[in-house]
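After this come two complexes, each holding subunit A, first together with subunit B and then together with subunit C.
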Partner chain A sequence: MGIADTYSDGRRYVVDRPFALVVGLLVILLAVDFVDGLATGRIAVSDVATLVWDGLMQGLVVGLAGIGLSMTYSILNFANFAHGDYITGGAFSGWAVTYLLAGLGRADVGSLLLIGAGGSVFGGALGIGVTATPVAVLGGLVIAGLFAVVLALVIDRLVYRSMRDQEGISLLIASVGVAFALRYLIAFVFTTENRGVTDAGGVPEVRGYLLDGFVTVSAHDATLLVVAVGLMLSVHFLLQRTKLGTAMRAMADNEDLARVTGIPTERVVRATWVIGGALTGVAGYMFVLWKGTIGFNDGWLLLLLVFAAVILGGIGSVYGAIIGGLVIGLTSSLSVLWIPSDFARAAAFLVMILVLIFRPEGLFQGRSTA
Partner chain B sequence: MSESESAGEHPANAGGDTAAATDGERGIRSTADTPRMDAEESLLAVRELDAGYGDLQILYDVHLDVTEGEYVTVVGPNGAGKSTVMKSVFGLATYMSGSITFGGTDITGRNPEEIIHEGLGYVPQNGNVFTSLSVAENLAMGAYILDDVPDEALREVYERFPILDERRDQKAGTMSGGQRQMLAMGRALMLEPDLLLLDEPSAGLAPDLVDEMFDKIDEINESGTAILMVEQNAKEALRRCDRGYVFVQGRNRFVDSGRTLLDDEEVRREFLGG
Partner chain C sequence: MSTSPDGDADTIAAGGETDQETPSVERGDSASAGPDNEGTGTGDTVGSFFDRDITLILAVIGGIYLAYLLAGLALGFEARGLINVVARLTFLIGVFSMLALALNLHWGYTGLFNIGVVGFMAVGIYTMAMVSKPVGTGGSAQVPGLGLPIWVGIIAGVVVATLLGLLVALPALRLRADYLAIVTIAMSEIVRFIYMSGQFQEFTLFGAQLGTGGGSGLILNYADPLAALLAFLGLSEVYDGLVGAVSTVIPNNPAPVVNQFVYAALLMGFVAGFYWLLKRTGESPFGRVLKAIREDEDATSSLGKNTNRFKIKSFMLGCALMGLGGILWYMGQGAVTPLSFRPQITFFVWIALIIGGAGSNTGSVIGGAVFAAVLFEGPLYFRNLVVRAFPVGNAPTTFGEALSPLLSALDVIPLIAFTLDNMSTLRLVIMGVVLVLIMKNRPEGLMGHRTETASTIDLSRPERRETRSDSTPATAADGGRSDG
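Moving on to the complex of A and B:
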């Protein structure tokens, strides 16, 4: 190919896709700056490793919560805005049980069940942690999952089921209403203050020296990793290897055909809420365990990232939700190398927008569950 | 059924009565002596059926029978309600009045999830395979209502459609139209139904595949499964079937053996293009 060809190809590219060029240049600029930073010691390798690890953790939470959102979207055809508050609901129910199990006999049951609302009990004082109080954490984790399942089923029965034949937009708006109702119910019961729930100083850590500094991995990080990856693999197994999973994929694919094939669609819908709800509740609990604080707005704030992840991955795709979650988590975490951490969220959304510009159907093309 | 059908036939029905409606007993003309059957001897018996979609009535006083092992086709111009008859039988249209019995059981107004247990299989015209599922998974879904995938039925399907056997792990969405049609039939045959409902099986197929498709349907029928088929390709369908119904504007118009209908002057002139 001659120089003239190369030149005209290049020119056509610039004219047709000026945006791609800008993005390309920006990426190159960041990469150069990154390498330069590492070379000159301005950016520490260990800091980068810490940020990557942090992003991975955040990504796992987002991905886990995203699976439930994506599943319900692919099968029920609507974006459930109350999903964030299922996350919060799961977290609060689970942590109430954890407090109860960890502090029984040491504080009154009421304060424990309210997760120390009004500063009556502190998680730190109860010494809560996955190694110090494993039974309390495990019990809370299970309850968080179960409660979110019950919550999802009850709301489906009361609100969404009667609207099943409506357009997605009606359901979406109804779900926004459900979201508000849930959030302020939680705030009413547990108060609006953010509070620490774990004994942050008492969690075992492993510190590894990496070139120029330390990278710390705590027992709670490890727990999150094991639980999240374990559940993601289970979902994969369920979808690909079981009859119910195949039926879920079939229904996401073509609901009318599923019905004439004899697949009991209402039962599949219920199974979807059960599985999606459980993952969501567990994600909420793990999120709180990992960051060590709980607040009534946690799920709602996380929901924006979850939506970004799910849309990025291709809404409706379970694998897309996982990958999207990791991309969003890593982006928002690594972005602090260049921008103030207050804007980390914005960076995550920027990446989402960029991906969608070049691949509007999302990374996994959406609506396939597979 | 196609979108155009439901949208297209409303004005025609609302517009006025047809000649057929005034033409003898319930507007049905029998060209030879095909006596009206009793519900008891029919596998499928549709009687005085009014049905449609929501408030829109498509079918008026429709009668239709399929006996055990019989091959019946429904032909007629666009918007005649051919697909709607089939959907009504399978509980996918809005029932208004009349009755539908299958194997002596009243299935009027029942939903597809129940009807499939009675031994009826249905292959829709469009979207009749799960595109993101593999061939094997599609067939397994066909037997969803059973505890396990029936080995015998699965083997028969693979024998009948060797192409499916070769492509067990291929995603249905990546297959050709003809292969998808075979997969759709295979899926419906997994429950070894007594009656198979086929909605325009030749639609959208390349001409050389159409014959192959009709041959497959003949084979399925010869192995004892009754067929109720709706076809756009009226000549070929009537040539192959035992009995044919001609529908016009949601009403019965003619019923007779396929051969007789093909030879009938009026049927040829009006519906088969001379």
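Moving on to the complex of A and C:
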């Protein structure tokens, strides 16, 4: 290819996609500003490292929750707006069990199961933490996953199953109804107040010195990292090495053809809900453990970020959801280097909108559950 | 046309009976008008059809008022309380009907899945407030505005909402419906973050001080819009007379009650205006293209229509109406905060539209009324009635305290008291369940079977109708897919 070709290609690109050019220039500008900040010492390296770590943690939660959303999105062909409330449901069920295990004998069972609604018990007073009460945390984690699976299956049975042949939009609207009902049922039982659930002061931390300041990694960060990466790897092997994974990919591609080939589609759908639900519930539990507070709106607030991650990675792609989650987490966390922190979430949404406009098929081309 | 046939259609047959609004279609096809079709087959004109829809709307709203008033009277609410109930109900019916109508233009006519309604509302009222709030500060808590008249503010609010619509529409309308949904809801959240942020709390624009007030919002300290309108129309004295007349019923400070009532009545005027505008739009050649896009965008564009432009125009018009809806909703509320503009408002409007049936303007108004009366205000009113009839005492503060007497002593009262006390939370659960039930059992809503098709002639199969016409005349409701 000669220089003239390159030039005309470039010119065509500029004429065809002026938006892309503007966005590209903006990204270059931000990068230059960032390098300049580091060079002049305006931006501390340790601050950047802290933000990266923070974004990584957030990204893991978003990615973990995103796998389930991505799988149901590609196999059942609808955007499940109730997914955020599966996250919340998992978190609340798991934390009720954690409270029960950690506080049995020290407070009445009702208050413990309601996660201290109305200020009756405090997580800090129970000393909850992954090192202080490992059994309680592990029990809660398992229950969160199981409960979200049951929740997803029951709702599929009650709502979505009879609507399989309807359009994605009808299912989407129904899922909004499910989301409302779930979220406010949780609010009804557990009250609407946000409350702390961990003994924030008692979590062991490691502080490392990096060039010009400290970077802190807590035991809860490490737990999140281990759990999330472990689950992501297991899903990878499950989908790559088993017949189920192949069946899922076949269904995402063409459901009728899959059924003709003898794939039990209903059973695959159920397996999708089971895997997706479990990851979602665990993501909800870990999210609460990591940030230390629980609220009935947590999952809903996370949902748009999860959507952003799934779309970014390409709907149906498990790796896409993970990478998308990390990109979204890092974007919202690192954006505070340039813009006020009020707009961290807005920045993540903006990245999603840009991807939808310029590359709606996502970074990983979508429609391939694996 | 997935209408489940007979029984359902009958329930709305009062207004649903038929018929082609376009004169070009002969009544000859009224093979559908069975023998006992209440004589509607003869001399049906557009006018009478229109009238029947208006009658239907008025009947629904009248029925709602009757139910509320009778329940209130039975429990002996005083006059002030009753008028307040009616005023509040009218207000809610007005705002939800307006917004559902605007959304119907997007979804029902053009097939644009917009779940960022609340963003356009927020932009409308915030712009209006920032333009119309007085110049200078009235204390440290007061953010100054531009001090222009209210009508300038309203126009500015509508224009900015329209421009935001254009901004969203330009890149996003090419997207699939579910992607557009996610872009619009993200947009509405970004709008809310901007208003919530302290960054724009107060800023200077071309030398003028104004701001969004940040998280604490804006106090709407401009002249009372209703009083300003009455003064402009020269009706202030008439109005004072009205207040004086009401004071015979409510001796103690009648003005706020009357204000509320008259403002709500004005809103109903706006509903009528929206209805008329969208009916005209839907019947115009422009509207026909919109419906064609909803049904098959590729076919429409292959007929030489620039579908993108039509979609953008339709989107902008809907956004303008949503902006106006937001202004009218919050203009008289005294203050706005970003918290009022959470996405659940969008879903309220969606539920209203879906109850009524997307694609029908009459359905949108009825849906708005039913949503406001039954799902939005109904549970709270029901609680007030129950608490008045059977005082249950203090409610327990947590679910555990409410449940334990039931388990230990089969005492159900604390649970009931707790349920009533938390009715404002529970009604959202009810809304969610209702939405799911509608989508499962009757996705076309109350009036959605009358979704207007793009074609001006009837495309349904005649032979199917013949087999039915003897037994089920109600198919006529399905045959004439027109509506106002």
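The criterion applied here is as follows: the second predicted complex is superposed on the first by the 356 of 370 C-alpha atoms of A that agree within 3 Å, B and C clash if a C-alpha of one lies under 4 Å from a C-alpha of the other, contacts with A are read in each partner's own complex, and residues count from 1 in each chain.
Here is the rule we go by: a contact is a pair of C-beta atoms (placed from the backbone, for glycine too) under 8 Å apart; a residue touches a chain by one contact, two chains touch by 3 or more.
This one's a predicted model, so the numbers in the text were calculated from it and none came from an experiment.
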Superposed partners subunit B and subunit C on subunit A - clash or fit: fit
Subunit B versus subunit C as contact partner of A:Leu172, first or second or both or neither: second
Partner chain in contact with A:Ala219 - subunit B first, subunit C second, else both or neither: neither
Partner chain(s) touched by A:Phe78 [first = subunit B, second = subunit C, both, neither]: second
Touched partner set for A:Val150, first subunit B, second subunit C, both or neither: neither
Subunit B versus subunit C, judged by how many residues of subunit A each one touches: C
Contacts of A:Phe349 with subunit B and subunit C, given as first, second, both or neither: second
Subunit B versus subunit C as contact partner of A:Asn254, first or second or both or neither: first
Which of subunit B and subunit C A:Thr191 touches, first, second, both or neither: second
Which of subunit B and subunit C A:Leu304 touches, first, second, both or neither: second
Lowest inter-chain C-alpha distance for subunit C and subunit B in the superposed arrangement, angstrom: 10
Subunit B and subunit C footprints on subunit A, overlapping residues: none
Partner subunit B, residues of subunit A touching it in the complex: 243, 246-247, 249-250, 252-254, 256-265, 368-370
Residue numbers on subunit B that touch subunit A, as the complex places them: 90, 92, 111-113, 116-117, 122, 124, 127-133, 137, 140-142, 144-145, 187, 191
Subunit C to subunit A touching residues, read off their complex: 113, 171-172, 175-179, 181-183, 185-187, 189-190, 193-194, 196-199, 344, 347, 350-351, 354, 397-401, 403-404, 422, 425-426, 428-429, 431-436, 439-440, 443
Subunit A residues touching subunit C - in the complex, by the definition given at the top: 19, 78-79, 110-111, 113-114, 117-118, 120, 159, 162-163, 166, 168-174, 176-185, 187-192, 304, 307-308, 311, 340, 342-343, 345-346, 349-350, 352-353, 356-357, 360
